[in-house]
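The structure appears right after this line, and notes come after that.
First chain written, first letter: the chains are A, B, C and D, and each begins at residue 1.
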């Protein structure tokens, strides 16, 4: 029963909400970004007791304003997609829902305000918004360097874990409970804290043998730190040096999103969704 | 007195236990891996006092189940090799033995349960099991980059040690016992903690001169951290860039293990053990 | 009413004060540098209570000597530029003013001595003075490598911030106020301390779940540390390898500064200011 | 009054003591190395109060044995050089003297045993002894990469120092004495501890503003850590990649030392000292 006009109106709204290639879309995204940041700052400030005591009412009002906007946005996102379930059960859909619901829930369940902190995850949307900028090219290269070194990095992480389990177990036997190495999981935690050179100092070896072993673990950690850096450096240098083969790898910086299935990785001059075949243009 | 059938049966079992190129071999390895992980988790949980108090009986039962499986596996490994001594006195053979024995020993010797932690070393077998996967290529490259920079890294470690001994001695003289620099070995331990940028804070300089010297050591450490990373990066970049000469370095990803002498580095299409000349195939 | 002689005299002084290409200019810069360092050392020593109690009068006298020199220098800088406002409201002009004023202010306002610490910023002038040395070439390359990786580094910093906000919020929920995670901003601070591997230990997780999450954050931080290093390495290697295209990028190491508008980026053989057209030579 | 035989005998001894190209020379060096290590271990153990109380006499006897050997070695070194002053006032000559003297001094001056720790510096001789091994080539490359990046590294260290002075001063004003930022030098020390990611935690910001500024300093430090690594990586990669131009850079691994002036950097087939013209061979 949809008239052509209504369809067009929905398409326009879809373009504004989901895409960032038009000036309206960009404007919507910037406003959304500011509101997300505001909502996060609000949650942060509320968690500071002294501030919450003073400005509780202002914070509460702010929460409601943001919640109402998020509610409207959530419904707008549902309405403008032909298959709403695609959005509702997508990663961002679930985060958007969890970011909107807490204040409504607080009428029924005490303490549901903790859910407000889920809003921090909405920050991830920034990466989608950034797509319009010149950052996309660099960001892609960076991601590609990481993805290409995926196997190497997972071997590396795996090796680190095996080292941590073995060293943690040994340190538990050597140091024992008096030094804070209460049990093996805690010893492994200490080992990770040491290998990553964080070194809180909440747990540290006391016996000479323990300190000797810890020294070996630290120097090992020192050598190990070189590996991931070396991998990423090499991958990156390689990418930076062979520009010749790269020309055909055109980066598509559009943010087009299919108004039927919400699929969003399209070529710059694509006319139909490569996922469901639906037309991408309002004609 | 071995019939051909019996020999074949032993060969099959050898293939299942020691190799991972057949689906049965892979299945055995995965089951083994899960049991090793389970045995490690068990040892970890037992070390947590509050959990051990509650679930002591369950943990004890679990220990026995794993011990029995490990015992069977240990004997199967001995039976299927023509020269059992090759396995028994190999690195993995000793670890397997030490992982199996503690529970039996606990009947005779109190406190022998500490030996259970040796099981963490069985995790190293993972690297053998990983051989079947596509990780092997990358892992080899990583190991090769490390081995190629061996000389450089040992010079580096040596330099770090000399710096630590000299700085540790100086800090002992400057800070003295009141600041926690109780003796020279402890000062050297402090110096390693500082140079590796771990910085627990259990020992730290208090006098202005000590803090000044510590600052110099830290900035030096900052510069030194660059060296191993630079080495590995360079080695790795070099490897990544000259792909041309690399073609002949074929990586053999099979896990074939000789059923006579247990030697396990063979070419993909090897028919006889390159160590003892025994046939590798069940024909 | 300016005679040619007077003009020449001002030009000479301008050359001595603002430039470092003549021997007099270099001498002035070295004297200035020593005085800046002396003024900073003086402020440092004054902040040490025990030293201030003993040598207060000497420090006070030293302050006045330096203040008088800085005052003379400040007026000389104003007099020798045709458009004094260009200098007064420039970055260095404001720092010079704030470095000179505190002692005069101390007659009227108590506690204005805190402003003396602004003098630390005068150290930045060192980078201007260094321009004469052979350091300029390397320094330019270093700066260029950093500027070229600007986009990558900002994406990186941005990602780190998003990770810190999300992890900080989660840790606040998991650990709560008893462990020192008093509120979300403090949790984010903890997360930055951890990700950068500084690890003071003033705040650290206590609950097993918190320690587990912290371990993941640390290992993540370990991987993340590889990224900026990889970027700078790659950029730098690229620069070091393609020397061929670099020849036309001549680096101009002169320190000529227009005596009219104080603009200071000129070609080595420039005759007129490329900003206001004023002659750069005293003829 | 020196006969040819005596001269030959001195030359032989010179070769044994100063060089490491003959089997006797190598043997002497290894014995010396072991004695140096023993002397250092002795000093270390003496500094541990509990051990010193128990084994004081053994340690004292050990000290005398090593001191007597060092005395003989010192005189042998003096006798076998034609110009003894060249050795006595060289870097190693002074260290050797200071390593030998403390026990003799202890008869006259109480507490002169602290000088024993100077022996740690004798460890540096290891680098001279290592010259015979295949490590020399790698070690040279490593040193060369560091020397080539000298200018870059000094600019870098300089920048770090300026940042530390400015940030330290700001943190002193922001945090004040209650948080441990007692005076500006201590604040600068804190800043170095933070920028190098050591993070002892003895001093740490408490106020929200201080924690915010510290976060910025830490993230900055994170970026800064990339620079030296990038420099060394690039320098090293460059060196590793252009092997073509390197062929003429022959590394001379001999340890020949002129028996007249003790100069020790000679070409492999040099016949006369390139410093004093004295013959290098015993003919």
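We take it that a contact is a pair of C-beta atoms (placed from the backbone, for glycine too) under 8 Å apart; a residue touches a chain by one contact, two chains touch by 3 or more.
Protein names from UniProt, one per chain: A, B, C, D = Voltage-gated potassium channel.
Predicted model, so just to flag it, every value in this text is computed and none were measured.
By the residue-number overlap criterion, the interface of subunit A with subunit B counts as different, with under half of its numbers used by both chains. A centroid comparison over C-alpha atoms places B as the chain most distant from subunit C.
Fitting subunit A to subunit D on Cα positions gives a rotation angle of 180°, stated in steps of 5.
Chain geometry summary: the mean Cα position of subunit A and that of subunit D are 47 Å apart.
Centroids built from CA atoms put subunit C at 34 Å from subunit A. The multi-chain contact residues of subunit A, meaning those touching 2 or more other chains, are 185, 188, 197-201, 225, 229, 231, 233, 235, 237, 241.
Interface of subunit D with subunit C (complex): residues 151-152, 154-156, 158, 162, 165-166, 169-170, 172-173, 182-185, 188, 194, 197-201, 204, 208, 211-212, 214-215, 218-219, 221-223, 225-227, 229-231, 233-235, 237-238, 241. Taken together, the subunit A residues at the contact with subunit D in this complex read 197-201, 229, 233, 237. For subunit A in complex with subunit C, the touching residues are 40, 43-44, 47-49, 114, 117, 120-121, 123-124, 126, 130, 134-135, 138-139, 141-142, 145-146, 153, 157, 160, 185-186, 188-189, 192-193, 195-202, 225, 228-229, 231-233, 235-237, 239-241.
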